[in-house]
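Quick heads-up: structures coming right below.
Here come two complexes built around chain A, the first alongside chain B, the second alongside chain C.
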Partner chain A sequence: MPLDLEKMEGDIFTSKGMVKAEFTFWVGLAMDKFYDGTTDQKFIGTKCSKCGKVFLPPRNRCGDCFAKAEEFVDLPGTATLKNFTITPWKITERRAKKGNKNALVGLVQVDGADSAFMTEILNTTEDKLEEGMKLKVVWAKRIKGHPQDIAGFEPVGGA
Partner chain B sequence: MCAKVQPAVISAGFCEHASKRSDVNMAELVNEAVEDTITKAGIEWKDIDCVINGNMPAFEGANIPELWMTDHMASKNKPFLRVTTGGTTGGSVTIAGYYAIASGMYETVLAIGFEQQSCGDTSMGLASVALGEFSIMPELGYEYNKIVSNMGAGAAIGIASYQAMSYMRRSRATEEDLARVVVQNRRNAAKNWYTHLKMPTVTIEDVLDTPYISFPLRYGMVCPATDGACAMLFTTEEKARQIADIPVYVNGVGSYSNESAVLAADCAGAGQVDPSEQLGAMKSAEVAYGQAGISFPNKEIDYAEVYAPFPNQELMWVERVGLFEENTAAEAYEQGITALNGELPINCSGGVNSTNAIGASAMERPAEAALQIMGKAGNQVPKTVHTALGHGWGGAVNLITHLVMSDEPQRKFKGGR
Partner chain C sequence: MERIGIVGYHQVRPELDLQMSPYECIFTAVRGALDHAGLKRKDITTVISATNDYYDGKTISNCFKVSAGGAYMKDESKVEMDGAHAAQYAMFRILSQNHKLAMVYGFSMPSCMPFECTRILELDPTFDRPISLMNSYSTCGMQMRAYMKKYGVSEEQIAEATATNWKNAAKNPLALQEAQKADMTAAEVLKSDYLASPLRELMYPLLGDGCTALILAPEKQALKITDNPVWITGVGNCQETYYFGERDLTTSLSMEKASEAAYKMAGVKPSDIDVAELFGYTACEDIILAESAGLAEKGKGDSLVAKGCLNPSGGATSGMTPCATGLNRIIEAVKQLKGEAEEHQVSGVKKAIASGQIGFCAQNNIIYVLEGGN
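Let's look at the complex of A and B:
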């Protein structure tokens, strides 16, 4: 039977309180090195000691071999677009709203890496996007060893 | 009620424990313990058939952490199960590992317990556990603020201080007796490689010199909040004989909840009002001993690890699980019976009192007990350990887990079935 809240008025009391919970997450051994790299405007990945797969963003363990992937390798700033989507929505800290122009986001595989990550595709238009196109990294104006050091990727040779 | 297959422990491993393991993320932390366990066992990760893991919900500040660390605990493309029962999580994960073998489903099972408390908010985690109990109390006419201040009396220690009071009243144990337990634990911890609070020179006076948090418990007596992980490898009797030098057979398990939840404050259905009575622990121990064929635990058990974040609990548990006569534990500690070279060493790892990575703590107890039988413990007792007990306490402070382990398989398995 559903509760009839109106009938129950007077029987219900509310107790207001505030709970503050702060969470901290440590980036870990591999990602710490990754952000060291972005500070110098370069990509650092890890290499599996058994199968040789290269991970970027780096991780210290290969998922396929369960072997250590603790060898750091420098990777170039060029990449291949593996997948993409186009969205009018822009998410800010306050809310999601429609932006003035569509945002292009894609799954980018840095040359020499076996894994890929999602980032924005800059300085191009929707009609020019295609899977497999060559991209290069665009670093943020202010570098601070932070995920936002990577502003996005743009097509090699301009739009 | 008996296992179809005789389960055995072949290895147990740990990561380095500390108050803040800020150098690694949760997945890497767990990975350290998994690697330690697999390397010590000398098997390949591919030999593992099933992975079971757990930690205290909400303490780490991330939901379903077990899924994003899949690759870090060798569980890719393997049957996977998460078990979580609050403070007893580690014990329940261990028992789940036992069940997985005992049922005949799997041959090799990796069980993992972990906690990175520096990530989450411990008070928030505790609140989420206690809330179920709190929510019933307005029905009894308590105001919310009163509930928190009366029952909490300074978070988890509030629960323990009521327990300590009633235990001390029963047994005539003194504050000095509590401090003696702490000294033994912290000095033992100093000899064990992975532990958190290492105090090789601490004295009873040092402990009694610290201020009270909530009578009779002082700052120097309570467990720390730790980041850490523990893992154990379970396998069948046949396989264990091939792999391990000294296989450790799990001969009895108990997992009972009996005490009313928080403090018996709502007096539960059973009307229990004494938090040091611990009928759940007694029942759990009785069942585990029964399965293992142990009639006289105080004579037949050579080593015990009990889950005691607070020193009064250590005295209480060793009595409730039948290792000492009621109200005699404090005396036994004073005589050194429970010390490293004593007749019945207790918590030589340093115990939960020195290292408390909650989701791992209740697993570290059976893990340490198993290692003592294998002769591979960090702080190994000089005498030979044949039979050992690993105990866990937690949940909504009312779930007790027991594992009785031995270097001999269960009697009824002899001669084959």
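Let's look at the complex of A and C:
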């Protein structure tokens, strides 16, 4: 690709997209099953064969026991809020941008799981968020076996 | 363990937009460290760097830095972690008895790359990355919330410690100029916008372009070079789980393990430590790390900041250069031990600790016990 002289301002040289290097990540057997589950709007985790810890999103091993965690377990759509933050920042691998609107970001532990993950808390307001509150999953309108199948979680019984 | 001497160092003062090429910056630090030790490039036998392919926008980020880093035709390797990890690698090279002098440097230019975006590339690409809610701000915010809640620590207390960091930076001649805020108050910190509640903009460090170099030598060699080396007498590091939702954010398990190992190696107790230079992203994280290193009771670590024995340099708040911040902490601890810290000197420092980290909320910590005297 020829050099884009427009991109050279003064002594600064911006190297942008000269090589398109897209990666393919094979999700593995456990996450493959997880995304099968989200396609049917349900959660599937894995259980450690030694300590019995349940992981969601699932993984095929327990780092602590260094044992297999290949038993799949069905988990409900209900969860507990472990921690949260309210942020106007949206950061992706492409850009970091401070928006005008706050996102409510929760660390959510699905009932029966020993792990937790970050997701958006929907259909409520900042002042209502509290650690320990009960939540339920909100599935995306269009389901496609992707992390964004989980639109977020909302308070049980509405805001 | 045989004592390893720190015989020379140089830190390029970080700037928001340093007017140097990466190679000029690295050369300045490495040449500066050699001059500081009164050594020549030919004396160095191994060069270990800490840089990052994503930060540098090129793969094998060390390969183009060979001439600037003094590594031409030498034993050379790189650590894609913090500079403090590179120093440990250099120690291993020396302890193998194959090397008499090791150059270590850590470098990055955050003005040239979207640092917060590169952190998204640290995430699990099959789940967390496409969701893109986990980042420096949201994780530091949750860490602060968890810590405050567990120990009943107030936002005001964290803001007070944060203000002290900015004020300490004002006394540190190698702090980023924009980080030298001699008149900072807790009230002003609490007036700044939220990055990710309860974390505010003034609780997060400014990023600076820079490079820091350090020269290590085995005991005998160190005493030939200087009659006043600082000794590394202990080191420990530990890696926690990646899975953020399984970590206890109110403490640092990796720092607990790492510091235990380092203290044991050095034969010291936490109560022997006079000053700590720890790499936390925020004052809250500094405090958590200090508590986990046994310097204060859990929930009471802010007293260390008030007393002036935790990050008298301002810590990462004095300017955070990814890959160099842990080395800066080591250099600051060395200065304290040598009585060369000028305006931010703590009196009577005999033993110090310094730490580096990588990963969200210091998933991995590395800590050194440093001692002065012959």
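By definition in this document, the second predicted complex is superposed on the first by the 129 of 159 C-alpha atoms of A that agree within 3 Å, B and C clash if a C-alpha of one lies under 4 Å from a C-alpha of the other, contacts with A are read in each partner's own complex, and residues count from 1 in each chain.
Here is the rule we go by: contacts are C-beta pairs under 8 Å (C-beta built on N, C-alpha and C of every residue); 3 or more make two chains touch, one makes a residue touch a chain.
The shown structure was predicted, so the numbers you read here are calculated from the model rather than taken from an experiment.
Visitor: One more residue to check, A:T92. First (chain B), second (chain C), both or neither?
Guide: A:T92: touches chain C, not chain B.
Visitor: Who does A:E130 touch here: chain B (first), chain C (second), both, or neither?
Guide: neither
Visitor: Looking at A:V27, would you say it contacts chain B, chain C, both, or neither? Reply first, second, both or neither.
Guide: Both partners.
Visitor: Counting touched residues of chain A, say whether chain B or chain C comes out ahead.
Guide: Comparing chain B with chain C, the partner touching more chain A residues is C.
Visitor: State whether A:G63 touches chain B only (first), chain C only (second), both chains, or neither.
Guide: both
Visitor: Pick out the shared contact residues on chain A: the ones touching chain B in one complex and chain C in the other.
Guide: 15, 23, 25, 27-28, 31, 63-64
Visitor: Applying the document's contact rule, which stretches of chain C touch chain A when the two form their complex?
Guide: Listed in rising order, the residues are 57, 114, 116-121, 125-138, 141-142, 145-146, 149, 193-199, 241, 243-246, 249.
Visitor: Please name which positions on chain B make contact with chain A in the complex.
Guide: 21-28, 31, 45-46, 61-62, 70-72, 74, 76, 116, 118-121, 123-124, 127, 138, 143-144
Visitor: Can you check the complex and tell me which residues of chain A touch chain C?
Guide: Touching chain C: residues 15, 23, 25, 27-28, 31, 57, 63-64, 82-96, 103, 105, 107-109, 114-120, 131, 146-148 of chain A.
Visitor: If we count contacts the way the header does, which residues on chain A are in touch with chain B in the complex?
Guide: Touching chain B from chain A are residues 13, 15, 17, 19, 21-32, 59-64, 66.
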